[in-house]
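You will see subunit A twice below: alongside subunit B first, and alongside subunit C after that.
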Partner chain A sequence: MIPKIAYARPHSLKEAVKELSAPGTIAHAGGTDLLGCLRDGIVTPEKVISLSGLSDLKGIARTGDGGLRIGALTTLAEVADDHVINEQFTALAEAAASAASPQLRNQGTLGGNLCQRPRCWYFRGEFHCRRKGGEICFAMNGRNEFHCIFGGQNCFIVHPSDSAPALVALEARVRIANSRGTRTIPLDSFFVDPAKDVTRENILRPGEIITEILLPAPVTQMRSSYRKARARGAWDFALSGVAIGLRFNGKRVDQARIVLSGVAPIPWRAVETEQALAGKILDGETVARAAESAVRSAEPLSDNAYKIHLTQGIVHESLMALRPE
Partner chain B sequence: MTLYDTTMPDDKPADGQPAPAGLKPWGETKVVGTRAPRIDAYERVSGAAIYTQDISLPGMLHAAILRCPHPHANVRRMDLSKAKNMPGVRAILTHESPSADLPWFFGDKGPMSKLFDPHCRYEGDEVAAVAADSPHRAWDALKAITVEYEELPFVSEIEEAMKEGAPPVHEGGNRGRVRTSERGDIAKGFAEADVVLEETYRTSCELHTPMETHASVAQWDGSRLTVWDSTQGVFDVQKTLAQYFGLPSSSVRVIGHYMGGGFGSKLELGKYTVITALLARDTALPVKICLSREETFLCVGNRPANIMQLKAGVKNDGTISALHLVNVGSGGAYPAGSGVGYLVQDLYLCRNVKVEETNVFINAGTARAMRAPGFPQCAWALEQMMDALASKIGMDPVEFRLKNVPAYSQTRNNTPFTTTGLKECLTEGARVFGWKEAKATIRREGTIRRGVGVAAGMWGWEGSTVSTAIVKLFADGSANLNIGASDIGTGTKTVMAMVVAEELGVPLERIQVENADTATTSFAPSSGGSQTVVANSPAVRKAAVEVRTRLLELAAEELKCTVADLSLNDGAIQTLTAPARTVPLHELQSLAQREMLVGVGHRDPHPQGKIPLPFAAQFAEVEVNTRTGETRIVKFVAAHDSGRMMNRLTFENQVFGGIAMGIGFGTSERRILDAGQTGKMVNANWHDYKIPTAVDVPPEHTCISVDPHDTECNNTGTKGLGEPATIPTAAAIANAIFDATGIRVTQAPVTPMQLLALLAGQEKGGRQ
Partner chain C sequence: MEERRAEPHDGNTDGVSRRDFLRTIGVGTLEAAVLSAAPLPSEGAPAHTGDLVPLVLTVNGRRNALEVEPRWTLLYVLREKLGLTGAKPGCERGECGACTVLIDGKPRYSCLTLALEADGHEITTVEGLMQGEKLGQVQEAFVQEDAFQCGFCTPGQVISAEGLLRKTPHPGVAEIRHGMSGNLCRCGAYDHIVKAVQHASEIRK
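Moving on, here comes the complex of A and B:
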């Protein structure tokens, strides 16, 4: 049962961020995560601020520099179906299409997808864990099959978003609004490592929302993909996923971005792998070595060592699939 | 029903007795066997159908139950003062409420607990209940009740529970007595074998999670109690409620017109129903309860987890010389049964069989019958073992099974089956699947590998024969069928109406079915155990035949001919002799004068000296990504001998539904307890408890009805279908995965996580 809440639906960004500056408020975009969090008592706001009246935050448009501006309220289904995104920012289209289920993609927004709360069953369940202000992380010594193999410290969640790693691989920026105006930052620096703060997943402060996601103009020899492995075929989060953005110079990789999902508390840059690929032709040996390097620093828990093999497997598979003809 | 008791069989099959005289099954049919859409499809799809959760009565209150959040605890103290004074709160029940001080029974084990037992033995055990004027107020009041618990040591896993010094769930320890049944001499059988294999197979605790959560509405009228219940059997609920409230059965009316699935978890009266009736009595108002999805994960049953050690001996010619099964299972915190042995004892010919079964208590929700209780688990073990044996003696797995098809039940004095369609299921299934070609040509190398597998099964219970149906034919030629059976989503109403249409020539759309109401319909057994069609359709047919006989007699008199000169088609009487006449039923004067013809049909007993049981064989093709452990089921063929197929559409629904459920059991579903830490269930929701989705079932699947034209089983020629459909599925998939990878996955479910871990180990250790 959802507890008693007040509700407001402002019609301007200014009003919205003002409302959200007040304590005890929370933003409501698609609501696909928020409603579950309210029902399960994960968040306990007094007032829910709907963003649905902010029509400026919807839609996909070309920017002056040839890049793309995606309003934060654009649904995942719209992102997955967009022709330009499919052609030029393939990883994002594939990530959006692989999230959740058709019903949820019709309702869930891209901005909301970046801000969703972790799916850790201890965090979501009746367990007073560290992320909820408690003393212990239950996953450390508990059932941790779906938890992280990288970056776990204090807390072993995985970041649940599929679109986030794809956007990081595509070097996206996000615009953040608050009562004083807006600023843009690389999406890569949006997420918060539990070692720094275990109670939050991103840098947004009260009164701040994402208004748009900005993609840089595509370079000609850019290829990207998102591959997600999950325990069942749909309506499931990633056991492990990999977003890859490769800029080629002929057959050689000029620059690589490899970002893992489902294995770390934040979208996880496989920096070693990125470096291993730079300047290389994607032959079998290079790919195998790169895939191996992606998991070299993994630290599995009792039940999730399979994620090492899985991540290596999908990185290998995805790199092979991205080789130029 | 006693599935697990066995007696020593004679060496020869017993002689079959002739079936009792009476109606023989149909030859050609006009309606039965066709693709008839559900007669209530529009109501169900449009939302017009009124389920228990839709019931709303004037002044109705809403109940909610406070449940123990710990796996094992004593309730020390409760403070209700805040909750009592909240607006809209009308009544609160706890173990201290005199009216709620009722014993609670588990099977025939006597009163082992109470309606509210202050000694809580599992997470979800009932602690208190509230009735308030809205569901929100009831839930808010629960939150306002403070309970002081004394947390007790708990145990979550079978093997831990069996250890010396494990926290006892009940006084006397966790280990039940070993139930042994034996025939022949297994030591001799193993000595005779050319190959002996032994393996330990494990299955996980699976949950029913029906679409409609458990729900009841209770209303008192003086000393008469009416309960709307989402149940599989209104008469069973009526009987138990009458006992609880000390009322004659006639004063308890239970109604269950529409219900949204049960799979066995709604085969018995729930505590929530008794609590709702108590609250309704205390407040003198109708009270409704709808369990939350989370509650249904914790406290309304499950399929127990099992650990099955199976040893099997086989001769090089394919004769199975000995089978020895040692099963330990846990039905949770109270006795619920976790036996699995039937298939080992009866599916294949084997003279020397020993089965030893033990149930173990753990601090977790109690099991309830779940679609073929025990059978998918046993098939998981036996059918993988059959595959391994076939491979060892160099015999094709289908051929090996065919060599061991029984014609009689070895667990029941070698009494012959009316028909054993297992042979046809295997051969016809293999033909349609393309088994031999697939075996010979499938690609088992490289990163993406394919494999094929087969598994067989049978169901071990022929069902109840206590059922009465009433058919009323109105003067306008429309008909009313009155049966006590619940339609639990399988199409029971439609199938029964088809039987009436077959006999009376009345079109389906002019037949109305009244069902599942203890006050207005006649007795039918609960819809479970694959008995619904088997128990009820013969009674319906007899009722319809009685009406037909009377109608033709009247028509013969009126039309001045003999009954033999008449036929009944499309709502009209036709004369077969000159002058040719067609008289629509509404023009028949003798029917108009009587307004209505009524026929009553009682189900006949089972044939003497023969046993009617259904058989099945299923075939799977899988594709395994050896880099990721991901498995796709690309093709599936299910061949079923369930006697006559009553309706092609509901047959397909049952079989495909059974396969989907088997895929869940075999590849993704399991209750996960936080063992060794909090003991709480961590995946009590539909995201973390992974039921297959539309993309997890095979894109190509075929079901075949192998009808052996059983003329002895009953007058409709039917055997059960609902349970056989899910029995072999998981094992067929596991066998296909073995074919693809060389890895024998003994632990169900085969998740990609588990398979990948095994594949990675194989890489290190080399292919088996």
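Moving on, here comes the complex of A and C:
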């Protein structure tokens, strides 16, 4: 049962960030993650500030430079169904469509999807782990088949979002609002590495929210995709996944962004792979070598070495599928 | 005592229907839990009147003026305050789909929706799919295709099917499986459920 909370639904962004600047408050977008966290005592706010009254934060629109502005409160279903996103920002449409279930996609928002808390069973369970201010990461010596193989330090969560890696691959930026105004940053620098701060997943400070996600104008020879492997076909978080954004110059890759999901505490740029692909034609050998390079720096725990092979395979398959005809 | 605590929709008092019997059992269980001060299995905490806030909830076309605690979920209010027990508490964490209702025509988990968040929206529960005393078309299709065993998940399945068919009137099998993927059936009646959705798609007008 959810403990007692107070609730407010402001109707302007200004009011909302003011309310959220007060201690003991927490933002409610779609609520799909928040309500679970409240029930499980993962967060213990006194007051929930609902953002659902902020209609400016909903919807998808073209920007002046030919890019796309997606309001942070746009639902995953709306993102998955959008014609322009499907045509020009395919990785995002595929990621949104593969996240959660129909009911959750009708409720969960794109902004909320970027801010969701990790699904580590120790974090969600009754364990006073490092992320909750404790001394121990229980996954290091406990059950860790769903934990990270990259970037684990102090804490071995995986970032649960599907949309985040897709948006990073598409070079998205996010606009963040607080009581003093707004700022826009690359989404790639939004997430916090546990080596830097183990208690938070993103840079948002109290009183700050994401207001919109901005996608740059698509270049003509851009191809992108998102694919994930999961334990259940129906719906599940990624065991491993990859978002790929490729800009082509003829048959050659001009620039590559390869972002892994389900294997690291943040959406994980496979920089070596990106470099291995630049200037290359995607023949079988190049793709095989690129897929191999994606997992070279993996450091598995006791139960999750399978993720190395899974990741290599999924990168391989996804790159092959993106080859120009 | 139990009877007074039951829902506002008072049933016929001559003879106890199966539904009234189940209601009474449900309420009795709740009271026993309160009396023994044991932790409640579900959301059934007594209201602290000082914390109640007004809410008008539009359910199945009917406006209901209520007072709710901010922490109450839509599922709790539907079942415990409005007597609409079609939506079921299963996992209460957005995984099983037994609590599915339509909000503005789209399937959503009522266990993960604060009642206050439903303010200003149209809610449809399985009760709202009835056509008078007759079953609605999707409900009828589930009966025809024998698309359930224990029936606990059925209201959520029916609502998901209704939502799917409103969006995609003639779905293929893959679309049905995808569209129904947010509802679990512990009895494993999935093949029959897919057939029921196909059948509903054919008879639905």
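General observations
Everything below uses one rule, namely that the second predicted complex is superposed on the first by the 325 of 325 C-alpha atoms of A that agree within 3 Å, B and C clash if a C-alpha of one lies under 4 Å from a C-alpha of the other, contacts with A are read in each partner's own complex, and residues count from 1 in each chain.
Going forward, a contact is a pair of C-beta atoms (placed from the backbone, for glycine too) under 8 Å apart; a residue touches a chain by one contact, two chains touch by 3 or more.
All values reported here derive from a predicted model rather than from experimental measurement.
In the superposed model, A:W268 makes contact with neither subunit B nor subunit C. In the superposed model, A:Y226 lies in contact with neither subunit B nor subunit C. In the superposition on chain A, A:R119 makes contact with subunit B only, not with subunit C. When the two complexes are overlaid on their common chain A, residue A:H316 makes contact with subunit B while staying clear of subunit C. Of the two partner chains placed around the shared chain by superposition, subunit C is the only one that A:A6 touches, whereas subunit B remains out of contact.
By the touch criterion defined above, A:A234 reaches both subunit B and subunit C. Within the superposed three-chain model, A:F248 lies out of touch with both subunit B and subunit C [touch as defined at top]. Of the two partner chains, subunit B is the only one touched by A:Y306; subunit C is not.
In the superposition on chain A, subunit A positions 1, 101, 234-235 are in contact with subunit B in one complex as well as with subunit C in the other.
The touching residues of subunit C, when paired with subunit A in their complex, are 40, 42-43, 45, 48, 51, 53, 69-71, 73, 92-94, 97, 100, 103, 106-109, 111-114, 116-117, 119, 160, 163-164, 177-182.
Interface residues of subunit B facing subunit A in the complex, by the touch rule stated above, are 69, 135-136, 139-140, 625, 627-630, 668, 672, 674-678, 680, 682-685, 687-688, 690, 692-696, 751-754, 756-757, 759-760.
Against subunit C, in their complex, subunit A makes its touches with residues 1-7, 9, 28, 31-32, 35-36, 38-39, 48, 50, 52, 77, 100-104, 106-107, 234-235. Those residues of subunit A whose C-beta lies close enough to touch subunit B in the complex are 1, 101, 119, 121-122, 124-127, 138, 141-143, 145, 229, 231-236, 239, 304-306, 309-310, 312-314, 316-317.
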